[in-house]
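In what follows, chain A forms one complex with chain B and a second complex with chain C.
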Partner chain A sequence: MGRRRKGISSESITLAVFCSLQIGIMGVFTVLRPSFLSGDNLLGLLNLMAQMALVGLGLTFVAVTGYADMSFHFVSCLGGMTMSYMIARGMAPPGAILIGCAAGGFFGAVNGFMVGKFRLPDMVATLGLGAIAFGMAYLYSGGTQIYDNFADSGIKLLYKARIAGVPLPVVLMVIAYAIGFTVLDRSALGRRFYAIGSNATAARFSGVRVERYIVAAFVICAVMACLTNIIRMSSLAKGEIEAGLDWLMPAYSAVFVGVSVFKKPTVVGTFLGALLIGTVQKGFMALGKPTYVMELVMGVLLIVSIVVSRIDFKEIVRRRRLRAKIASGGGAS
Partner chain B sequence: MEDLSLEMTGIVKEFPGVRALDGAEFNLARGEVHALLGINGAGKSTLIKVLSGVHQADAGQIELNGRRIEINSPQDAIDSGIATVYQDPQMIPSFTGYENIFLGAESDSAGLFPRIRRKKLLARARALLERFPVDIDLTRPVGELQAVEKESIAILRALSRENMSVLVLDEPTSILTRKEIEILFEQIRMLKESGISIIYITHRLDEVFRIADRLTVFRDGRNVATCLTSDKGVDHARIAELMLGRELTNVYPPRGRSPGDAVLSVRGLALAGKFAETSFTARRGWILGVFGLVGSGIDELCKTLFGVLRRTAGTTEINGRKVALGSPSDAIAGGLFLVPGDRRTEGQISDESVSFNVILSNMARVSGMGFLIDRRAERTDAVSIVEELDIKTPDVSEPVSLLSGGNQQKVVIGKGLYTDGEVYIFQEPTVGVDVGAKTGIYEMIRGLSAEKAVIVVGSDCEEIYGLCDHAMVMYQGKVVMDKPASEVRLDQMLLCGLTGKGGQ
Partner chain C sequence: MKRMVGSLFRPQYVLVWVFLAMVVLFCVEAPSFRSASNLIRAVKSSSVIAVMVLGLTWIVASGEIDVSFPSVAGLASVVMALAIENGVPWALAPFIAIAAGSVFGLLNGFLIATFRCPSLIATIAIGSIAMGAACIIAGGYAPVRLTSTVGVIKTLGSGGMGVQLAWIAIVLGVYLAFKYIQDHTTTGQHLYALGENRQASLEAGIREKKIIISFFSLSAMLASCGGVVWVLFYAQGVPRMKGTVFIDGMTAVFLGALVVKAGKPNVIGTFIGAIFLAVLTNGLTPIGLEDYIGSIIKGALMIFGVVVIAISRYRVAKKASTAAR
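Now for the complex of A and B:
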């Protein structure tokens, strides 16, 4: 009883498959463009994946509770434009970033209430609220770009600053993942998120305040999306209303590549997903391919990872072992 | 039996932690109705699933009409001529009767878009139906049909296969009315005359003597007895004895000696439209039993006590302190735990491990400041609960979904024990639990009652009666009996729950 089961777990199989895939892809790009493996390029890869990883981390919380959020990319537009408006009004960057994220958090909370408390269908309800958020993002400037104060308010540092040579977004990614991992994988809070995703009724009967956790998951998702979009706007040096719209696909792809490895949404899995997708993106950029090729590859990745996540390696191993045991005349356990 | 239709020998089927079939034997003569009996978990449904290809046997062989066959999928079973009609036959409600009968076999011609000749199908379906003493409109969507008509269509579907020789009926009468049962029996007799062998699974012993030629009793994954229903000395009592493998009375632990101090006191608790104002007290060392049929309000009473449903009136006190009843979280914090009646949806997180489930309601015990979980402490605590309740699992990291019903229930109970509450409510404590584990759970409940207030609630009258020291009966939302169990007989309690009368 005190001993853990031995043998190959399904996780280690898929993890091995994943690692060879990752190395293989990097190998292909290195052959095509030897500079792919240079330190600068790898740092650039990390910087590219950092934003995707941050949105994906937020979405992981929603995915763990068993819901879907179709609004975070819309909400991130509102968060980004709110931040831009505050910067243009002369507010200091930290305050503007906070207010931008808070605006997103509000919409996340509304999502959580709609889905958790009033049991509205998650896809449609969040899509509707997302449209509202996107509409509201136009209110600040009527849809035109916001440049005022971007050059000299210091907001650009959010993207440009380096700590010991490492870009600030990468540092933020590492910090966010450390916190995310601690919360979801190591804490009582994380257990409750997972319990809800697995069986919300049983979680409630076990004393979990289900609605609160659902609201929290949607708030985290929205805030992370806003933060990411704010980083992107600081890199663009302007408030661009549509800057956040293309977060939906990469975020879901990152989460589901992770699910294909660990059979459930996890922080580590999402990180690996973002790494894989980032590598592919960076590779195509190095080869000078147009962006629609990336979209195409991302779509393929998403579908392949969903297919892989359905394969139950553990069950296959278990059956094989049991058959061998019976064949050798082993007794019952 | 000289003319064997089906013979199964040495069938072994193992699930993680439990051997559901352990060298089971079963045979079936041509044209006989053979009843298959056994309590939940005895292995009879696993045997049928092996025969119908839902499960694959780990060992053993199956012979049909003298030829050895391999059944690796439901399609294999159908192709061999073995048809199974489940308790609640699955059909496409919007399709008509004849469309359901020939579902998947609509056309003889191959190709991407085979032609369906509706008139021909309907004529064939009517020809099948002529053999039966019932008149069903085969052109109506089955969603509009009565239970027995659906059952008949499921049987017709089985008959539509040319070579069908073995028909398995899995508790066919459980959803039928008395009159419909007669119709079904008439059909079974006709099928039998045409040489089809029938395996008949049921819990209703009187049906066995009415329809079956032979019977086989399963217990602990093996066939323990096979005999003719006309054999001398075979009666209800003997069969029950074979099924249980022990005297009925030994199942329950001895009653409590005397009521201890009051722990839970409920005053005027009510949920409008579900149950009227109810007051009772639960004491240490004195199990309170609440019996009621489905719809009597017992389910709502449990859920209201646990804070799942919002009461419309009343108060609850534990050890003299008022308990908030806003949510299960409040109830658990107040020292009350419900082991819910519907284990799969309310009790367990099936995909997660035993230890995950055990500590879920009281994670503060293994985490500093209620945040980071000390995984070593989690493991130690889970192992000690597993040992205390004798939960059979290879490891505490095993997903709960892979355990047997009884062990799953023990995990849910373990989760409750881990909260170290003051009051424990067990709702339908042994649904889907095999008899060995049942006794273990009864003993555990009795043992627990020495220190905690225990309430058992359920619709299994014998179980509630066997366990409790004080008997309450609910009928249509009202308490109709409330007296010490020693002053009540089992049949009085049952009658009271059925009619609402005779409780005074």
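Now for the complex of A and C:
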């Protein structure tokens, strides 16, 4: 009995708390709206969380290496507008999407070089580059929305297409997470990212090419943000500059809800975070609440998850046992 | 004499030279830049930003970050606008707005000091709550406009050069008071000690929790003041501040860090940074450039600033190591 108790780690207790939180929230919404658990609605939930999950996955890589990226949402504006401009010029959607993501990747690489190679402070440097990217996003249209060719170029399929009944963004999310999980959690490559995050100097002396991995992390982050914003624009059916600005919060929320479960940034954690936030958002949408309520909900969820992760459940259980022991022991003697 | 001239070209004055060059360029290139109305516009926008990020300066100096200031300012502006619309006297409304905003700062400080939450994450969360709350009480993303601008608000918002000069004097006064605290009291010492080495300052007995909580409350309070000033100037409460407010605020602080104390955020630097940004924003249109070029220039300046600091630190370190040998 004692041995088994030792086997339960604090981590698994937190995980259990989060799973029960997730199930509890779903339960509440099911009671309020019985249709919440229907297949269509659950698919809608996955579709809603797919975008948040994709941008969060990119940010996870940067978070794992121990840096902060304050530019990916600005860069995603540029990526999205680049794509819109290419579509308006009559390019085929796959090419436009690739160029949009490549533009983002370039800025990610510059971020990585500034932070990894030249050791500039991460927040200022990335914010500066973000401001540049945001300004450049205006170059295509001077600030107006881009509608041309969106209706008949097929770019809307990126959001609308279904593969065997599953929306394309969800398929993309599953593929991206499968790759992300394999790379970060199941390969030597991923261990090196984590090594840099825990001690960059030690990683360098162990023969890890630190700069390369940092550049890679920032590139992945920027490309995923651009891809997400491109999906968003295809769902809006227009190129809208400020659309990308909304990604900062969901991405950090998803990653850090995950951090509060596993105590470090992980692919699975980010997925759980996106799932939790997505569930609550979908629930409020089902109840007919306006979108700005989501901001509030996301903030509250992030804080709740941080606070929960800081509570040491093991310690509480131990103390309660101790108290019970003292009480019963006192009664016997 | 030679030494004095040399000292003018030290890294911490680079920004001042850039600023002067910019002003001369704008004045020569665009006569409309020199017009009174444009100067008033510049003063307005710089005082809003300057008030908003004054608290942020100290937070960044102590090694933390606060990204919630645009949302808190937005919330305060909405509260202020709605309060006035619903018949609260204009003298009372700012206090309600500032109190409402300060609550979020207190929450920030509490999360960071008590739960040891990274300040970026805590302020992102609190910022999103503040923005959600602002949208809920405003009933959407649309700005809350004041239907009638009367009395003091009208004077402040559309007053002439005299009123604007009074404004700049008030803001400068607040900044000088903060400079005194920063440079001549133990609080100021503790602030930079925390930024320099967290562990060492804890061991030395600095009460970190108290300082962190009070700084974050102060930052939210000043951000709310910024929101209030916004309502006075533009006669509307904005639940969702534009992305440029965030960039401007951060740029003012980080550019300001270049001036006076090379590499460390300080209040006088932030003031110069805010004026710098206002001149840049208001000078671009008269010389025929689009607004968004400003964003690119700001970003480039920020990166340029960090590089200058990094190089000057590297040189100092190299000098120290050769001297040691």
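Note that in this section the second predicted complex is superposed on the first by the 300 of 333 C-alpha atoms of A that agree within 3 Å, B and C clash if a C-alpha of one lies under 4 Å from a C-alpha of the other, contacts with A are read in each partner's own complex, and residues count from 1 in each chain.
In this section, contacts are C-beta pairs under 8 Å (C-beta built on N, C-alpha and C of every residue); 3 or more make two chains touch, one makes a residue touch a chain.
Not measured: the values here are computed from a predicted model.
When the shared chain is aligned, chain C comes close enough to touch A:M294, but chain B does not.
Looking at the superposition, the partner that touches the larger set of chain A residues, chain B or chain C, turns out to be C. Legend: residue contacts after superposition of the two complexes on their common chain; A:V124 is shown touching chain C, with no touch to chain B. Look at A:M136: by the touch rule set out above, it reaches chain C but stays clear of chain B. Legend: residue contacts after superposition of the two complexes on their common chain; A:A188 is shown touching chain B, with no touch to chain C. The intersection of chain A residues touching chain B with those touching chain C, taken from the two complexes, is empty.
Chain C meets chain A in the complex at residues 65, 67, 111, 115-117, 120-122, 124-133, 135-136, 140-141, 239, 242-243, 247, 250-251, 254, 290-303, 305-307, 310. Residues 68, 70, 74, 114, 118-121, 123-125, 127-139, 142-143, 242, 245, 248-249, 252-253, 256, 290, 292-300, 302-303, 306-307, 310 of chain A are the ones touching chain C in the complex. Touching chain A in their complex are the following residues of chain B: 12, 14, 16-17, 19, 22, 58-59, 306, 308, 327-329, 331-333, 338, 340, 345-352, 356, 359-361, 363-364, 367, 370-373, 383, 386-387, 394-398, 415, 419.
Residues 1-5, 182, 186-189, 191-192, 194-195, 198-199, 201-209, 264, 318, 322-323, 326, 332-333 of chain A are the ones that touch chain B when the two sit in their complex.
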